[in-house]
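What follows are several structures.
Look for chain A in each of the two complexes below; its partner is chain B in the first and chain C in the second.
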Partner chain A sequence: MSANLWLATGNFFTTYKQEQRTFLTSLDRSVFTFFLVLLFGWPLVFELSNKYMLVVDNVLIAIVAVMGLNLVTGFAGLISIGHAAFVGIGAYTIASFCQTIGESHIIITHFWPVLIVFSGIVGAVFGAIVGLPALRLKHLYLAIATLSFQMIFEWTIQFMTFFNQGQTIYVGRVFWFTGKVGRSDHYLFWYFIILTIVILLGFGIRNLLKTRYGRCLVAVRDNDRAADAMGMNPGLTKVYAFALAGFFAGVAGALHAYVYRGVGFESFTLHESIGYLAMAIVGGLGTLNGSFWGPVAIKFLDLQVETLAEIAGQYMPSSMNLATALKPFTFGLVIVLFLMFEPRGIANWWRIIKSYTKLWPFRY
Partner chain B sequence: MSYFFQIVISGIVVGSIYALAALGLVLVYKSSRVANFAHGQIIAAGAFITYYLTVSLGVPIFFSFIASMIITFFLAMSVEKIFLRRLIGEPIISVIMVTIGLGSILDGLIYLTPFGSENFSFPHFLPQAPLSLGGVSISWTQLVGIIITFILIGGLSWFFKKSTIGISMRAVSDDQFGSMSVGISVPKVFGLAWALAGLSAAAAGCIIGNITGLNFDTLHSFGIIVFPVIILGGLDSILGAVVAGIIIGLIQQFSSGYLDGNWGLSGTGEVMPYIILVVVLFFKPHGLFGIHEIERV
Partner chain C sequence: MKSKNFLTALLILVVMFAFTASVNAGGKVYKLGMSLAITGPTSDAGNPYAKGTEDYFKFVNDTKMLGEDTIDCTIRDDQYKTDVTKRNFEEYLDNGIVMYLNYSTGSTLGLKRDFEEEEIAVLPASYHAGNLDGSNYIFLPIASYSDQLVNLAEYVAKHHKGAKAKVALFVHPSAFGRGPVSDVEKAVAAGLNIELIEVVEHGKDLDNTAMLKRLMSKNVQYVISQTIQSPVATMIKDSQRLGLTASSFGEAGKLTFMGAHYTGGNDLIALAGDAAENYFWITAFNITSVPGEGTTKQLALAKKYGRDQKAADSHNYAAGIMVAQVTTEAIKRTKAAGLEINKANLYNTLNKMNGANAYNPYTTTGPVNYSKTDRMGVDLLQIYSVQGGVFKAVGKPLESEYMKKIK
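Let's look at the complex of A and B:
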């Protein structure tokens, strides 16, 4: 093969198998390995306080959730304004275990990987149920149907005494091979676990999009009638897209429950749903690496705005309540600016950088 | 029995306000296919502007009502001109997210003012004693509110049906290219649809503010509850918005009147509209009065 293994300057594929490789060039593979080493290695060198480690964990959980949202909204083109409710379903699966068998039962502390997967499956089942209207509904009608699900979920949690009416339900500390995960390593431990899950799920999506099931999603997004004519089943595909999103959200919810060691209603409101949508948009809808950039950007922005509000609050009269005002303002501004000037999101910058380095020093 | 009629009356009062709020959304959707998620904030802004003009500047409430409608008319028009016009032809999710972002920006601006966190109430300008008819009582504020609502709904639907601009708006909603070729300025129509939506939102905000008092969260939540209303009515039907508004209002009042307190239920008024909406959508996917569009590959 005459193709350059490091920098492919054209399309030299002669078989479908070559096109379906995970890494197209050696450069891709080494960049990926570099990032992997960096992500797993930095906590060993730097030590972050628990407060910031929690933020990092939070970002990773959001990445898991946004990957799911990106599947249903980005790839399958179905707007979901109820994603936080799916995340909530994952978290409340763990919570209901805690309520029935006690928060430090051996199943919760030792068999947590099983429970995380189980929460994902529960999320997928709910996703499929909520996706059922997609068999007949389209566009905005469907979006509002998911909004209805969000509202019904919020009400149910606040109403049911089994779920403590939305007050915090505690989740016990987990065990690892080395013993109970203590207070000081809690967030670090979960950083590694969630990072592993993110990488596994990321590969999962990447491979899924190369199979007929993944391409089905894109075909249905682009034109569901044409997809129907080509022998796909658009209705089934839509339900299946919702189920997939539900699985990702369920996993994210279970992780949320374990990392915060508690489940409270306020993490799964309509506001959070909109936050996930914003992350998907800022990252880049319909791209896999957009699901990584979006949560990082939005959470980082949140953190910066909080610090800024604290500093500015010292010089302003306290009646102005700057922190509550600045947060929605910057959040909205970022969404609007991105949609107006970079509708393809941060993933597009990544693409530009990639093509720039590929062609360097020659340019168009 | 008078309890029943009392609930019917309050359902109609709430429902007609929903109808008025939903009308703005239907107007915007009908002409430009945009679902405006910032409607609640415009409603709140309209109410706060009226309050500010009446209480702080001492303008008579009737004039400040008109003035706030004019201000939101231009506010909504400029929002369309600055933000939404660039997004014509973009996918529906981008447009929805822009309106959500705009709503968030307006949230931030309103939180900067005292209106964001404190409660206010309009000065009383109508008789305090409620009107009572055979055991069913209705306050003057509600009565005047409902009358203004129906005048506005009637006026706007007349405008839409009979006036030249209204007819050109309907033409644009039917076929953009066709209406362009007969000399209708499509961007102008979009701007006007937004402006009328802003106007009706301000009116709805004032009426809600007079009935329930000014609280940002309450006013803001109207921007969400109008979605079940317009979807139930069918997105592009004015009649649908009015009928669905009253249906949703009745559902809310009946469920909070009869369900709450029994079987340990509470707050069912919040969730019942959504449950009914999902059930109705299973059988009528385009709402009660929506047009079933024929789609081709």
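Let's look at the complex of A and C:
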């Protein structure tokens, strides 16, 4: 490589290892570090209301879930329309502990990091099981298989008394080194935790994609027979793609349970699954940063449409039904517009912006 | 000259504005929040409910019911999603609300811990008895669904002719629907003279023929529903098509259909048409097809704020007005006691709303009674039945005997 690690200009690689670096230049690393400092630092400077902190937490949880969906649908090309059920598996893992040992048991309140990882593992196990039909099914048929898992999940939760027949199962307040996390710090505390998890999982995906296992996902998506001919195992790849997606979803579900301090059935319905798919499409399927853009765009769009409907409602007090049309209309319109005009999602805009900024300093 | 006139007019406007501003600034603004399903599932009930609350608070402000003080109630749509309800609730807390009006059973149960931590009085539109378990701050506006179903079962036991009445329950597959089942079973165990044959949890069936035939084969005569209007409408339409509907209460060999608060009202008649004839419905609200002083005021309020006839006639519009009335009354009484309007004082005022201090809103069939041990508002329930295409009162408002025994 060039002696000057700060500039892309003149850089060339002499080994594959160099090419696989996460940050190509020191400038990239510095910008990223600065961005991280900003992400961790802003809540300490600008105090956000609980409402918006909850929205931000919610966006971050959706990012974790969509990262998983992007792995299975974007990178491995396997359509999953039951992703909310996997998120639900994670949440109900926490809920099961609460039902069994009590919501304020030390395991729930003190060992929550272990439980979050455990929920991810349970999600991965279910993901692998649901992924088994992928050995035989493709495209729409596979989508129907994942849909059936969503239905089975909903039915099970709604009818089993252990799961409170879908009604809220409460989760106790957690403890940190400073003591019990109270109501006033709750959302801020979870912001830092979820942000840390997003970063760790983001790096995890980034590194996975550099390995043979990550490349297998893409190869199977592009042509599974060719991948098979090249010595890869498409069946195993598909199953572990579902398992990975299940892990991410499970972690997201556990985080949801802790942030909302309860698990209720309505948060894991088919409608939510469609929502995750929409986030992945709008963000950009098959891209890591698309998993960030999608949830941010959809969640904030939702919020803005709500505000818009409310403003309109002030001028037309009798027509509060305006929101009825506005919300699903904008949601549907955004997806259709993206599919028509920008099928590569917001991630493509990011790519274009990056390529513009690369004009200086000249890379080549 | 023209410019002088213009300046004078401008000066008068400025003075008027300053005067108006100073008048408004003199009064206090009490912030409230309401989250409910204006769109999405159950919005057919949530929409008129929101309109009722909005109109009544407007009326309070317009008629200066609280003097110079005003109520500022933010009403937000939560699309029947607990996540959104939680977000709305957090926003209201950030805004400094003194009381909160909620809607669904799911979100009321979901946010129960938050209500406890915030020590804020809550009036939901859900009358699920489970809302009160482990809660000190949830106040049901009227008697619970359990009270409603046991009351209907008592009515059956009292008016059925012949051997023990055979009853089936038709319930929504959720806590909202399932909640009262165990209380009906307890009432039967405590000696209520009916035989509970079957509990049917309905799905999204568009045809209930098989279920109705099954109930007939078991000699069921009464079907008591705890769900929303649409599944009831499907069921009673199928029953009419099959010729199974009783033409009068308890007709032998036929089915008499009955149901709790959210199964009835004008929406049921609109959905089921003729099939709704002879449907028995229990609620604690006055309805416009049985005219009275309360319903006249309700219709006048709807007219004043430009509501259409459908909303004006809705019992959900009345229910929305009722929670606004109770909230306003709590504020009035707290003010009258010379106390500051805050969460704690409003909570205490509500707890004292009993006995001689019970509150009589014009929308309900009985007074609102709250205390630290009883947080169910209106205990007196009225049975209505559809006669000639409209709901008519059946007897006087009544209170469940067996609920007292099994509590």
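Basically, the second predicted complex is superposed on the first by the 346 of 364 C-alpha atoms of A that agree within 3 Å, B and C clash if a C-alpha of one lies under 4 Å from a C-alpha of the other, contacts with A are read in each partner's own complex, and residues count from 1 in each chain.
Here is the rule we use: a contact is a pair of C-beta atoms (placed from the backbone, for glycine too) under 8 Å apart; a residue touches a chain by one contact, two chains touch by 3 or more.
Keep in mind that what you see is a predicted model, and the values were worked out from it rather than measured.
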Touched partner set for A:Q167, first chain B, second chain C, both or neither: second
Contacts of A:E306 with chain B and chain C, given as first, second, both or neither: second
First, second, both or neither for A:I274, with chain B first and chain C second: first
First (chain B), second (chain C), both or neither touched by A:K327: both
Touching partner for A:L39 - first (chain B), second (chain C), both, neither: neither
First (chain B), second (chain C), both or neither touched by A:A145: first
Partner chain(s) touched by A:Q158 [first = chain B, second = chain C, both, neither]: both
Partner chain in contact with A:N50 - chain B first, chain C second, else both or neither: second
If touched residues of chain A are counted for chain B and for chain C, the larger one: B
Interface residues of chain A shared between complexes with chain B and chain C: 158-159, 320-321, 324, 327
Contact set on chain B toward chain A in their complex: 29, 35, 83, 86-87, 90-94, 96-98, 100-109, 111-112, 114, 116-117, 224, 227-228, 231, 235, 265-268, 270-271, 274-275, 277-278, 281-282, 285-287, 295-297
Chain A - residues contacting chain B, complex: 73, 77, 79, 133, 136-141, 143-145, 147-149, 151-152, 155-156, 158-159, 223, 225-226, 229, 270, 274, 277-278, 281, 285, 319-322, 324-336, 339-340, 343
Residue numbers on chain C that touch chain A, as the complex places them: 38-39, 43, 47, 50-51, 54, 75-77, 79-83, 86-88, 90-91, 93-94, 105-106, 109-110, 112-114, 117-118, 130, 173-175, 178, 305-307
Residues on chain A engaged by chain C in the complex (per definition of touch): 49-51, 54-55, 58, 158-159, 164-168, 170, 183, 260-262, 264, 266-267, 306, 309-310, 317-318, 320-321, 323-324, 327
